[in-house]
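Let me begin by presenting the structure, written as structure tokens, before commenting on it.
Chain nomenclature is as follows: A, B, C, D, E and F, assigned in order of appearance, with residue numbering initiated at 1 for each chain independently.
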Amino acid sequence: MTLKEWQEYRQRMNEKILGSGHLGIRRFFALDHHAYEAGALSPKVKELLGLVASLVLRCDDCITYHIIRCHQEGVTREEFLEAFNVALVVGGSITIPHLRRAFERLEEVEAAGRSEAAS
Amino acid sequence: MTLKEWQEYRQRMNEKILGSGHLGIRRFFALDHHAYEAGALSPKVKELLGLVASLVLRCDDCITYHIIRCHQEGVTREEFLEAFNVALVVGGSITIPHLRRAFERLEEVEAAGRSEAAS
Amino acid sequence: MTLKEWQEYRQRMNEKILGSGHLGIRRFFALDHHAYEAGALSPKVKELLGLVASLVLRCDDCITYHIIRCHQEGVTREEFLEAFNVALVVGGSITIPHLRRAFERLEEVEAAGRSEAAS
Amino acid sequence: MTLKEWQEYRQRMNEKILGSGHLGIRRFFALDHHAYEAGALSPKVKELLGLVASLVLRCDDCITYHIIRCHQEGVTREEFLEAFNVALVVGGSITIPHLRRAFERLEEVEAAGRSEAAS
Amino acid sequence: MTLKEWQEYRQRMNEKILGSGHLGIRRFFALDHHAYEAGALSPKVKELLGLVASLVLRCDDCITYHIIRCHQEGVTREEFLEAFNVALVVGGSITIPHLRRAFERLEEVEAAGRSEAAS
Amino acid sequence: MTLKEWQEYRQRMNEKILGSGHLGIRRFFALDHHAYEAGALSPKVKELLGLVASLVLRCDDCITYHIIRCHQEGVTREEFLEAFNVALVVGGSITIPHLRRAFERLEEVEAAGRSEAAS
């Protein structure tokens, strides 16, 4: 699945979930959104927290989401590598397949950024 | 187990593990140590990454360790609360018992800091 | 993978596993089957237990299976939403990608039911 | 830790967490509370969902909490055993140590109920 | 909890579980027992498999059990260290607190063996 | 994804990760490699440990990798079945979807071995 397809699927299904009329689920999604907003910690640090949590819990979709958001918050490649390394040490070799896909996504996100900048 | 007892147990057993003569295990411990050193990300941010990873993976000992280290790196109570909140949202209510113990440890660490400052 | 393809793959591979001649594995599959049969708790409640366990453990195939079975046992959309909400609160935002796919599967299962009813 | 000590510790630390002034955390605790209220599914079924989720995720404190609540909602010993069995089959032998402690807690909860009824 | 207390608790609660009258649970315990019996793989190799699985899943009671059984099957200290190392690499630093307790248990098991041999 | 495509993707992304210039990540990959080399335990036993750890942690890519390596080390079908059974009992029914894919991969690996032997 390309990054663009992933984003469309995510948005389409989130709309179905939020449109399902369950108040508890809607509120959970709102809490999830607010957790990464600026406060005592910056959005950049919070997105890095979300990225490392997603890596050690081994959730590819969550990793993709936080790579996109980290990139938007200005996380550099060197910073990504250090966050990946923390996750790898904490979570062990079982995270490596997710790290491979994370690298691929990071390249897609960087390429999309460059193509946007060029246009 | 008090914070002090925990620290003594940790140090005593780490010495046994490192003294066991297994090169791979020694190297792993070294990698673990280096992962949190200053680099593209600061030790403070890296310790926060370690703390949130430990909370979502629900490891009380790891949480205690990173609370101590975060406190040493100057993480404020407001910053701790925001990191706890990210972990709670990512990891769900199953992390709440660990959050209770994290709050208790944080109070111990803060009290130890105050008593040290007073002397 | 469509619901139909998923069911065919599941059945084909289960036959291979059961045909492999390992008694322990065969017995495990039998225990798994019996665990959801009527007893002190109804099959409907047991399938809901299986669904929520599958969501918090984040296993898409297991979620698909229990959505099919819950639907057969008469679980309504409102009941599905409440079970999803319990799983989301217990398991946290890391379960959201699985919830998106669960919603998609639920729509497929409901559509298959309607098409069957219409014919 | 006895059941009573566990309940006191839980209440004391929950008050500290809720008193910490973090809105997101307070809201999460509210969502958690509401998830088990009567709706399309009964509190009894929802507490059973919480119990099985806690068993497969192997959280002793969560198991204790849901055993207390299930008992209050009238879950019988036969129903507990069937829920335990679903959790054991889904989660495997790694859940057995938690099942041992769950049995112990269930006996404590039943004994507390009898002593209350007798007085 | 000493090794002896742990063994007594385990046996007492297993008897309660097996005496509870639930056929599925009894059968699961039998399957669990048979999984480690001699077959195409030796009990020694199977207990090592159980030990590493317990370490990466981070279950202290399961680790204790398989350390006892591995020791009975003649696993040497060097073999224990290599199995610990595989688990550490696969499961990451989050397994380290369990490794500390595993080392402590291993010393208890070795000491109990020596004291038995001496008498 | 066929076995061949999987191997090419794995190799291509590993090269990117190792070429990223992060010393900690490179060292982790080296530790991971050395953990399975001959020592007090044979590579065959170590690969079986890696396989069972991968099954209970439910990582399809890791399972595929260790099936390939186990097959190279001469693990027979009967031995694979016994290792699968240990993983199934420890990890529970939640591992079954991974067991289905493991069986499929094992057949691919055996077929590739036969076709190589024939040429």
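The rule we apply is simple: a residue touches a chain if its C-beta (ideal position, glycine included) is under 8 Å from a C-beta of that chain, and two chains touch if they have at least 3 such contacts.
Computed from a predicted structure; not experimentally measured.
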Given chain B and chain D, the chains that contact each of them: A, C, E, F
Furthest chain, CA centroid comparison against chain C: B
Numbering shared by both copies at the chain D-chain C contact, with half separating same from different: same
Far-end chain from chain E, centres as C-alpha averages: A
Centroid distance [mean C-alpha coordinates] between chain F and chain D, Å: 38
Distance from chain F to chain A - Cα centre to Cα centre, in angstrom: 28
Centre-of-Cα separation between chain F and chain E, whole angstrom: 24
Residues of chain B whose C-beta touches two or more other chains: 24, 28, 31-32, 35, 53-54, 56-57, 62, 81-82, 85, 88-91, 93-94
Partner chain A, residues of chain C touching it in the complex: 58, 81-82, 84-85, 88-89, 93-94, 96-97, 99-101, 103-104, 107
Residue ranges of chain E touching chain C (in the complex, touch as defined): 24, 27-28, 31, 34-35
Parts of chain C lying in touch with chain B, wherever the complex brings them together: 56, 88-95
Of all residues in chain C, those that touch chain F in their complex: 9-10, 13-14, 16-17, 20-22, 24-25, 28-29, 32, 53-54, 57, 59-62
Interface residues, chain A side, partner chain B - complex: 31-32, 35-36, 39-41, 45-46, 48-50, 52-54, 56-57, 62, 76, 78-79, 81-83, 85-87, 89-91
